[in-house]
Amino acid sequence: MALAHLVYPGAVHSRLHHSLGAYHLMCQAVAELRLKGIDISPDEETAVKAAILLHDIGHGPYSHALEYTLIPGVQHETLSLLIMQQLNDLLDGELTLAIDIFTNQYHKPFLHQLISGQLDMDRMDYLTRDSFFTGVSEGVIGYARILKMLHVHEGQLMVEEKGIYSVEKFLVARRQMYWQVYLHKTVLASEKMLVKIMERVHELYPLNGTSLSINQPLDYFFQEFSGEMTKTALENFCRLDDADILFAIKKWASFSDPILSLLCTSLLNRKLYKTSLQTQPFNATKIALLEAEILSRYRVDKKDLHYYIFCGETANTTYTPEHEKILIIFKNGMIKNIAEIDNPLIHQTLSMPVKKFYICHL
Amino acid sequence: MALAHLVYPGAVHSRLHHSLGAYHLMCQAVAELRLKGIDISPDEETAVKAAILLHDIGHGPYSHALEYTLIPGVQHETLSLLIMQQLNDLLDGELTLAIDIFTNQYHKPFLHQLISGQLDMDRMDYLTRDSFFTGVSEGVIGYARILKMLHVHEGQLMVEEKGIYSVEKFLVARRQMYWQVYLHKTVLASEKMLVKIMERVHELYPLNGTSLSINQPLDYFFQEFSGEMTKTALENFCRLDDADILFAIKKWASFSDPILSLLCTSLLNRKLYKTSLQTQPFNATKIALLEAEILSRYRVDKKDLHYYIFCGETANTTYTPEHEKILIIFKNGMIKNIAEIDNPLIHQTLSMPVKKFYICHL
Amino acid sequence: MALAHLVYPGAVHSRLHHSLGAYHLMCQAVAELRLKGIDISPDEETAVKAAILLHDIGHGPYSHALEYTLIPGVQHETLSLLIMQQLNDLLDGELTLAIDIFTNQYHKPFLHQLISGQLDMDRMDYLTRDSFFTGVSEGVIGYARILKMLHVHEGQLMVEEKGIYSVEKFLVARRQMYWQVYLHKTVLASEKMLVKIMERVHELYPLNGTSLSINQPLDYFFQEFSGEMTKTALENFCRLDDADILFAIKKWASFSDPILSLLCTSLLNRKLYKTSLQTQPFNATKIALLEAEILSRYRVDKKDLHYYIFCGETANTTYTPEHEKILIIFKNGMIKNIAEIDNPLIHQTLSMPVKKFYICHL
Amino acid sequence: MALAHLVYPGAVHSRLHHSLGAYHLMCQAVAELRLKGIDISPDEETAVKAAILLHDIGHGPYSHALEYTLIPGVQHETLSLLIMQQLNDLLDGELTLAIDIFTNQYHKPFLHQLISGQLDMDRMDYLTRDSFFTGVSEGVIGYARILKMLHVHEGQLMVEEKGIYSVEKFLVARRQMYWQVYLHKTVLASEKMLVKIMERVHELYPLNGTSLSINQPLDYFFQEFSGEMTKTALENFCRLDDADILFAIKKWASFSDPILSLLCTSLLNRKLYKTSLQTQPFNATKIALLEAEILSRYRVDKKDLHYYIFCGETANTTYTPEHEKILIIFKNGMIKNIAEIDNPLIHQTLSMPVKKFYICHL
């Protein structure tokens, strides 16, 4: 959970926990579906379990917080796929079916949907896990019941009618975890400051490479990386983890550049930028006033102002209403997208604003 | 939870558990409010704790299921009050302040609101407890957080702005517990059959008193009770509990009257009436058809048809939107009713239908 | 847990919960053993699951507390077997294999040991469940780990070497639950008083049948029952549950006999006899003094003294060291009885006194 | 828990969690003792809470695993004290009372015993927490009950008689956590390898300082540190955490020295040395054979053999029976050391071997 532990100290669980947890749920889902007569061969079982175990392997240090920053423009799923392909070479093709499922090229789409879909094992695990480790009980979901309600019809994953209340709760819980945890303003501030640190190092690196240097893989991404995910790039990426970044921040905190040093020191001492979140964009005049104040109070170069004050918007983007498609299968065999169902709470949850605007400043 | 254990076998927790739990939460609420500088004297503390401990003491056997049936027209709060008054006599007035708070006659309304209000310790405990013992995770609420967010302003209980998401969750959870648990169609069917049993015994008693007789207090309510809550009535009421009713049903199951025997046997063997629940009233033609079928298939006297098929409506009645008033206090001191707040999910939850129509039949 | 809720109010879980829980553990044990290559056929699986579901079906009202009292000399396992045999008749022999396993006549003894042995699913469930519902954390056992450590060798159930600490913990936990919960002196007092009530009713019945009469099945056991478990006896037994006994006690509390009325009133109002428990028998002089005091203070007939003061011994009898046989299988294939293993804590636990002496008096 | 997560992946909880947890328990203990009439002034309350919050602040990177290695001969309590003294200077003496309690110089010894004694809040928290995060249910203790049983008599912390079973369980649980978790052979192997890594770096540093250098504080301990805890030493110590060591190991894994590189690579890839644990010292001949095999199989310099194979003993040293003093206060006012009490299980637990011998080798 990147830097969420600055707000929720319990949130120190790891990517490994999540992968094992999602794998555990996948075991249950496969057993449940088989009980309902859905055909899943032993090979498909192995493949879908391998795929869920590996689905997040492309997450780098501080996962979502540094996604697109360390390797601009590449999302973690792409990296997961590249790593899975390399592993597949080492394993003489044993992962081929897992990769087909992961990339949704297999002829049974429900296997892919168990890994990546509106009710996949990934979300089922992370909502449960994150709510447990943060102590935010609003995120508790009835995963055991949803698993029991899963069904497959014409190759598509769906939920039995009886599970509607659990799905309703799942949608509400996910929404609540976003605003209370993942996009909590203090978590947001700290993670944006982490991004600003990386940005500043990128800017300073051409002139100060030696003194900013941390280790070979980080040097590679600050100096050599072309933007293309070559084998070398991937190898360097795999050698990095949170410890490297944290070590670097501790070192950079005493670097001569006042901007880098300020950002690192503030983050380490949890003296985070002031942050506001709201559903409307921030008023331009208000931003201008804040900028003027920073310029006048600190000796800040105008071109560096964006390190001291910045705006943006944040969203639970992957879940826009138009893509939110959960199929419900009724006792009489009828199938409906959840958005068509006469349940005002689900409608409301689905159609609520999924983005907010933020401003962070010194 | 009356007969909810027929659907959720874990739901065997007792009224005693709930009273102790609500008392426990009251201890925390008092401590929390005092930390915020709210003045609560030792006498007030004792009184508000005594009141929450006793708030449900007027519940008779099978609580809500037989409320208004055993003692027509009298709700359990009235009985709680009568019992508290009797105890107060025995205790030389030690409960006077508790009673004033319970009946909202004390000059600090927030003390009453902690016992009976939109966010009282009663609901906080029963939602948590019922969701725990049924295993319905949709009912989990963040009671610890809501308690931390409570505040008092001008004598009124309110919630700090930061607690809005927890209140949102609380409202959604309560709604979900109603439809998934309290008004689950099988729970509803069994509880309505219990009511029909009592109704039938009432009808048969004048002619069959001796053979239907169970014990003195039940005889009293079937034979002598005038409708007025005299001291004798209250004493007889206090001598009854679930065991008497269950014992009676086991005995009546072999009584000669076919209606009583059918109802008792069906309930004991969990062969419950078929039940449907929907948001619209049931179609008169459909009801007529069902009635005709029952009349033709079983030898049923038309005047007794209502024991074999009955309709009704059910609601989370105490919580109609117009009475739903939770006050939110903002950082700047502003106070708003939660219904005025710009949160579509809360609006939606508050304005969703709170009643459903049911039909039960053999 | 009979009357344990008088000390641990949470302990209201039912025999049904326990049966479902033991069944759930059996499902896991079967799956685990199969993963290790142990051959269990689908029929054996069904049978062993049916047997664990039914293993306690012979428990009557207030289970252990009234075992041997309501039906003298017959233990609940015998009753379970009789009921299973009747069910088997109804089910055209579908339970034959389950009965063979239950009575240890099947050629794979480990299946019986999963139901009734030192590490059976029965104990695994009740220790976990009772410790959960009483809140006595000392009884928590690592059932999940023990299940993973189970193995079968030459038809015998055993535990892998790695599981020794979990077994050690299991033995300590069981011992602690006995002294802290099952044989807690207040629980003991209340359950012995319940036995005395039944004893007194037995004594009074010949002369007061009509006024003591509760219902047909209880009449049967007080009047007609010959001691032989005929079909009629079994049918009457099956018609009784806790509600009948509790109803009876409430009624007998106002019966004219002062002994019966005293015992019933005391139990209902939780004014229990004073009780002491110790590892040595009570000193005869001390007992005599207490008896003398009771005789002088209350108008007690000497022959009825045993209703006011009584001694006895209590033990976790089924678990005497000599029968305590848990086999451990070592990595090198060697097998040892746990009592031979060099673990002083296990030795000590196994050899600690398993009985205590008690005295209860008015 | 240093490297215990290599065996128990869940064990990633932090020193901060433990400190907050112990503080939380202290709040409860103080409240409980006050309820029993023990005089604790507001200043004493603040001091004892500050002391428990800070009691472990002297733990460096990988805590127990590297204690005595990074700073030879200095235990973490001494470092905690030094840091508390520096904080006290910054806080104008506000911590003076906390320090007096921490060092047991205050005239109410029970306050010290709540921080450091046989039943202190430290152990109460870490047993509960470690057992929770590892999932080793054998370590579950009844901390809530022990807290309720605490008492103070003539300034000494003691436990009421009724709490004996809970103390028994506490002693058994602690013992089980040692052998199952803290001294698990794989955890032991990994932590000893970590120590060997630091040892090797110490040896190589004089000649390879530049290429081994990680950062300023680590350089200080490898090069300049005299063994005396000067202010500079303490400052450098406080700047180190797990990230620095992990970063270093990743870097040293590709260092030219084959020993250092082997140790680091093995640890990072979890290819740990083979390890055995037993209650008797290892046979010299067996050791010699293993050594000979390593010498012949790998090109190992004899003087470096200790990096490839090493023996030692490990113990829950702080808890030798002679120091194990828990006072029990009986209802009649009598006080006994727990070791004098007639409870064979406690005796056995107290007198069981507290040390084991280990051998680790390539």
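As written, the chains take the letters A, B, C and D, and residue 1 is the first residue of each chain.
Here, contacts are C-beta pairs under 8 Å (C-beta built on N, C-alpha and C of every residue); 3 or more make two chains touch, one makes a residue touch a chain.
Since the structure is predicted, the reported quantities are computational estimates derived from the model, not experimental observations.
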item: Partner chains that chain C and chain D have in common; value: none
item: Option in A-D, A-B or B-C whose residue-number contact pairs overlap C-D by over half; value: A-B
item: Length of the line joining the C-alpha centres of chain A and chain C, rounded to whole Å; value: 52
item: Approximate Å spacing (C-alpha centroids) for the pair chain A, chain B; value: 43
item: Mean-CA-position distance for chain C and chain B (Å); value: 36
item: Touching two or more other chains - residue numbers and ranges from chain B; value: none
item: Pairs of chains found to touch, sorted by chain label; value: A-B, A-D, B-C, C-D
item: Sites on chain C touched by chain D in the complex; value: 136-138, 140-142, 144-145, 165-166, 168-169, 172, 175-176, 179-180, 279, 342, 344-345, 348-349, 352
item: List of chain D residues in touch with chain A within their complex; value: 9-10, 12-14, 16-17, 20, 215, 239, 242-244, 246-247, 250-251
